[in-house]
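Each of the next two complexes has chain A plus one other chain: chain B in the first, chain C in the second.
Our next item is the complex of A and B:
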């Protein structure tokens, strides 16, 4: 399974000076994902937030976090401006935040072939990747610990298992997977 | 009794936090720890604080590395004078955080730094905030404070020392744990000159 943070960082780093698309489930989460990107990037990337493609293009050596007010319009602007991003060549990417199933994605797929190919392979939906596969995790736990999470936790909670680092970690894992 | 009761209340109050905000704070600390020339974590450490959400539930966890075992500190590449000051031959940092997202509550915190001294003996420090509702272990809030720190050759070695810990957020606990192993001003978030300056009356 891909790690959401690694997938996000990979998308940011994959194409130096390219276009990266971060998909967000809703507007509230978009704010958090912007903050997450800011916390992930190297200090030297000097990220800044903008709503405008022109402003993003004016700063080729800083990571532009492009947070559109009108997604479709911004995607069309990017589609028309790809050449400007090559001269001078950017050293930092433009990171475009789009809502899942929103106007931006629709416009990208139907009206913006240039922007679509520009971002090709650099799109990531970290919230979707963050969902645990509980069945697979429980099977892995049972395989490793020799008992399902609930059964393993009984002696742990009774203080009958050594308080080792390994067991603390296992208890943490079990409690995340524990079912009522 | 009151100071211990107050501490227990402070530990309870600490649990009120937004998971994404707390995770981003930890990522910023990991970024600091992974930037050269004093990098002790691999460059993608901030990205390796992995979010895992349990479907159809409010539970979300963050672990340093999906496999939960944490990240090895890269001590051998530190600049020379600092390398001499580091008493461990190897070390590993583990970060385990679990939240109730809807309630904006830290359910459990487990931040461990374990390693091997130069004489090959083990050493570990671990800050634990047990699961919410299960934090009254031991005999009381003094001997087994809710937020406490184990220090010893292993977490299970006797006497089991549990130092009461001040109500610090996860990012600050990570800063503190690493500061115990890598004593450099580069990682000190509150250097005395800055503290002194801020203590001056304005």
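Our next item is the complex of A and C:
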């Protein structure tokens, strides 16, 4: 069973300078997911938001959060410019946010084999993965972390827990399971 | 020493002369070098994404260095390929050829050749030291400039003959402008060898009229990794992994554990290496023989191991989840009608398959061409096979 937080953290960390695709169910949740990713990445990644592939490529040492205004065009550009990420070599990934069943995914399937291959195995749909037995997962979280998700998040949000990769992953998982 | 899994970098091909090259079982680059030596002058390279086309082209550049001025032009590192024009292609080639002549071969070039290339932005000012002094006023079309560069450099070099190795053209979309770009391959002098990575649609006669006469399309196959014929392909993938991790190639071979260890000390080591080898065998089979997919699976599994347990080496569950991630990617890529078509043409030579679908599925490695003694067979990628229903689905 792939936990959404682990899958997302793994995708962000797998390829230094790679391409990660985060699939979003709708535009409102896209904004939320962008913020979630921003809150999850180590400060050294210096994430920044952009709508342009050229801008993303110009900053090889920062994590580019690529939020397209035209998904199909951005995917085509990524396909055609992919190897520009090799010279100079990127040290941080490009994170592309695409709507589920949107133009970006359709273009990946029909026109952009290079971009698809670059991101293969690194395209996560956190909400789809999170369609699970919430009660069981909350119990497992509590057992593992020693506190329910809401309680664990209090010291995390107060900056009282170390910003380790394990805790970033746990924070995402807690936020996924958090109840009002 | 901790393993650096980031060094796998599945998306990064090797550059010419870079250590760590592993020859595939097909000996592809050596085969192309032999073809050029025996008179082939235009070779078109194809293959699924992630099969190693760029690495093989870089290897070919290293193999040809003694007999030719081997100029590798990685077009996709400088240009947006879908907007590439024939003139841009010609100027990039001319610029790279002059840069190679000055930077690597230590040749001087005429200022009348270098100046317009610098002005066009395809030759860096840092090569000014290799430019002779003298009159520089010269204006010419891109095709005239590239021919001038070929003529001057072939005359000044000790090798004499030039081989242009063009990488990145496989990203050309199927469009009239792309056909013009492909047609520009015929603009080079006859005394030049051309090896170009091209899109899959070229393999099926689309754009045939645009290509230089006598061009040969030679696909780079994914090695077999299953069954009795798969041992060489498995070892090829293991060696790539070991090389990128900085491990000796025998690291995954339990039989290589010898020396003075007693039975009690040796047994746990043998068990540990056997477990790792079994995991790699599973990853190799899931990869279908595609090096990039194999490295992605191992890098992904290693991330799961690191995040979940802080472990350096993944276990079966980690690999299973990496496989699930890859299957998701393939699933999102399948279009309506693909499942039925894949099942219908699996194990055939694919000649009856709708051309657009075949090109799309071959380009992504969803369908792999396997070469047998009797011809080619279409083989569904192992990550896709479990996604197919009864043929009436996706």
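Here, the second predicted complex is superposed on the first by the 133 of 180 C-alpha atoms of A that agree within 3 Å, B and C clash if a C-alpha of one lies under 4 Å from a C-alpha of the other, contacts with A are read in each partner's own complex, and residues count from 1 in each chain.
The criterion applied here is as follows: a contact is a pair of C-beta atoms (placed from the backbone, for glycine too) under 8 Å apart; a residue touches a chain by one contact, two chains touch by 3 or more.
Everything quoted here is computed from the prediction, not taken from an experiment.
Asks: Looking only at chain A, is it chain B or chain C that touches more of its residues?
Replies: Tallying touched residues of chain A, the top partner is C.
Asks: In the overlay, answer first, second, both or neither for which of chain B and chain C A:108 touches.
Replies: second
Asks: Touch check for A:173: first (chain B), second (chain C), both, or neither?
Replies: first
Asks: Between chain B (first) and chain C (second), which, if any, makes contact with A:77: first, second, both or neither?
Replies: In the superposed model, A:77 contacts chain C only, not chain B.
Asks: Just checking: does A:122 make contact with chain B only, chain C only, both, or neither of them? Give me first, second, both or neither.
Replies: second
Asks: Quick one: classify A:160 as touching chain B (first), chain C (second), both or neither.
Replies: Neither partner.
Asks: Thinking of the overlay built on chain A, is A:8 touched by chain B (first), by chain C (second), by both, or by neither?
Replies: Once the two structures are laid over each other on A, A:8 reaches chain B alone.
Asks: When the two structures are overlaid on chain A, which partner does A:69 contact: first (chain B), second (chain C), both, or neither?
Replies: A:69 contacts neither chain B nor chain C.
Asks: What residues on chain A does chain C touch that chain B touches too?
Replies: 1, 6, 9-10, 165, 169
Asks: Mind pulling up the chain B residues that touch chain A in the complex?
Replies: Within the complex, chain B touches chain A at residues 20-21, 23-25, 27-28, 31, 35, 44, 46-55, 59-61, 66, 68-69, 94, 96, 98, 108, 110, 112, 114, 124, 126, 128, 131, 134, 154-156, 160.
Asks: So in the complex, the part of chain C that touches chain A is made up of which residues?
Replies: Counting only chain C, the residues touching chain A are 6, 9-13, 49-50, 54, 74, 76-78, 80-83, 168, 170-171, 173, 292-293, 296-297, 299-300, 303-304, 306-308, 310, 321-322, 324-326, 328-330, 332-335, 360, 363-365.
Asks: Using the touch definition up top, name the residues of chain A that touch chain C in the complex.
Replies: 1-2, 6-7, 9-11, 13-19, 76-77, 79-87, 89, 105, 108-111, 113-114, 116-125, 165-166, 169
Asks: Per the contact definition, I'd like the list of chain A residues that touch chain B in the complex.
Replies: Listed in rising order, the residues of chain A that touch chain B are 1, 3-6, 8-10, 32, 35-36, 38-40, 42-43, 126, 130-132, 134, 157, 162-165, 168-169, 172-173, 175-177.
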